[in-house]
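Here it is, the structure, as structure tokens.
Labels A, B and C are assigned to the chains in the order they are written; within every chain, residues are numbered from 1.
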Amino acid sequence: MTFDQINFVLSMMATVAFAVTGVLAVSERRVDFFSAVVLGVITAIGGGTIRDLILDVPVFWAADLSYVRFAVLASVITFVAQSFFSKPQILKLFLHVDALGIALFGVGGAFKALELGFGWPLGPLMLGIITAIGGGLLRDVLAGRKTLLMSDEVYTLPVFAGCLVMLITIRLFPDASSEGVLVGTLLALVLRSAAIHRSWRLPDWFLTKSK
Amino acid sequence: MTFDQINFVLSMMATVAFAVTGVLAVSERRVDFFSAVVLGVITAIGGGTIRDLILDVPVFWAADLSYVRFAVLASVITFVAQSFFSKPQILKLFLHVDALGIALFGVGGAFKALELGFGWPLGPLMLGIITAIGGGLLRDVLAGRKTLLMSDEVYTLPVFAGCLVMLITIRLFPDASSEGVLVGTLLALVLRSAAIHRSWRLPDWFLTKSK
Amino acid sequence: MTFDQINFVLSMMATVAFAVTGVLAVSERRVDFFSAVVLGVITAIGGGTIRDLILDVPVFWAADLSYVRFAVLASVITFVAQSFFSKPQILKLFLHVDALGIALFGVGGAFKALELGFGWPLGPLMLGIITAIGGGLLRDVLAGRKTLLMSDEVYTLPVFAGCLVMLITIRLFPDASSEGVLVGTLLALVLRSAAIHRSWRLPDWFLTKSK
């Protein structure tokens, strides 16, 4: 497989994972099929859409409908097989694919902003984080849940770290774009996966309010 | 009256209905006049605004301020005559005009996306639904209510069905754009109105969680 | 100092004030550093970002990263020195700087819309209000709080009055743009500051629901 093909497969996996979390967010309510699918799709493509609006480029899913297709498909399947997807071990698996998603989309979003000349380093950093968590924020707000920004899950830090390392790598080695993206994505993925696996929480002095 | 004139009158009626629901959403709170009007206007033009941002075309109400004018006027009148608009039979009347609104704006939004070449059929379908329910979602989120995606009202299905029939009709008969839009709009309107009139709920296997 | 320099200093003060309110909004929750900073930055630049998306111009903070820099800095400092910023007299001080912010950004946003030819007077009025309160609305929604549109604080009226006076002044004296902006901003600032200082509430007939 070429680099582009690998990237495509991983992106679709991440899109699927995001859509699954969108539908599962309402699995405990009485929500109808169409609303659940709409929510799944918004969760999957929302972050990248906000990024593209801010960058003033065509939204990424207009040029390649695969994202929407996979998001719809994943939402429909999740709806039909809710009891399967709600199993603890399956949920945990999807949490890790979701981790892949925020790593891939976050660092990818920051890289897109970097290439379009959004000033180093705060522009790409902001847009990377928005790409990674925007869809999840829309999901939480529309589902009436506490947003993921309000949880004590270690969620924003891995994206931040991955984007920062990517930006620094490319700053130091301007010819190593792919390597920079790869290193950043891996770092974000490892940090987020470790946080899930070990139920990491940030130390108290990293939280607004101590226990 | 020409087709355009009829379309204009119906669009303004729908805009008014959306604005009315926006102000009524806060009629049970202590909200001031200016906030209520802002909420009414956001409800009325929010969905089409999100659509136009995603399509990257000028927002529809910049070219023709009639939408904002009617939204402001309707919001002011609703604020002043709250007790009138809160009567059950008036509320029900406006629910039906709101049904006209989601039919007209939903199918119209999908058609706009189709004409701009957003890939068939998922692009126009998504944008049709966003146009129809976007303003209501903004209203619910800003008013701190359960969003309409979370209710068991049959709301998304009529828009979906109307947009789909419009898209299929125009696919089969490429010269019959107006007829396709008309048929889709009527279908969405009839389905939504019937759902209101008969208090339709989707069957349990169409819901994420059974009773 | 030139007019531009004064404007820059005031804008940065307002950006800081907005960011501070964003971080303080979550100071009573267990929210981590990165989420708090992201929320502070979104609060600071959110309103202007929505305005620029609707106007279809590049977002203001892409051209001049000072806004993001000051927002990040203010958020970090607020996070570190929460107990200081939560003191009643400091909070009150920042409420007044926040008043400067909504005056400056509101009337400035309306003026930007006016210059870009958004139809007089409703286009600039709407965009002025969105610029002023958009960031605060995003903050409240993401933090899961009652949005400021739902409170009985006198918040929207000062922005509305300031924008209206600016628009009328420039309509009557087309050569007096700066003066119009200045008068409008001062009016909005005075009204909002007075509302804070004297705990003004709108009279009952200006509210949707009486006590």
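Everything that follows uses one rule, which is that contacts are C-beta pairs under 8 Å (C-beta built on N, C-alpha and C of every residue); 3 or more make two chains touch, one makes a residue touch a chain.
Quantities reported herein were computed from a predicted structural model and do not represent experimental measurements.
**Student:** State which chains count as neighbours of chain A and simultaneously of chain C.
**Tutor:** Expected: B.
**Student:** What is the Cα-based rotation angle between copies chain A and chain B, on a 0 to 180° scale and rounded to a multiple of 5?
**Tutor:** Between chain A and chain B the superposing rotation measures out at 120 degrees.
**Student:** When the centre of a chain is set as the mean of its C-alpha atoms, what distance in Å lies between chain B and chain C?
**Tutor:** That gives a centre separation of 30 Å.
**Student:** Mark out which residues of chain A touch at least two other chains, giving numbers and ranges.
**Tutor:** 53, 56, 141
**Student:** Of all residues in chain C, which touch chain A in the complex?
**Tutor:** Contacts found on chain C: 23, 26-36, 38-39, 41, 49, 53, 56, 58-59, 61-62, 65, 68-69, 72, 79, 82, 141-144.
**Student:** Which bits of chain A are touching chain C when the two form their complex?
**Tutor:** That would be residues 53-54, 56, 118-119, 122-123, 126, 129, 133, 137, 141, 146-147, 149-150, 152, 154-157, 160, 202, 206-209, 211 of chain A.
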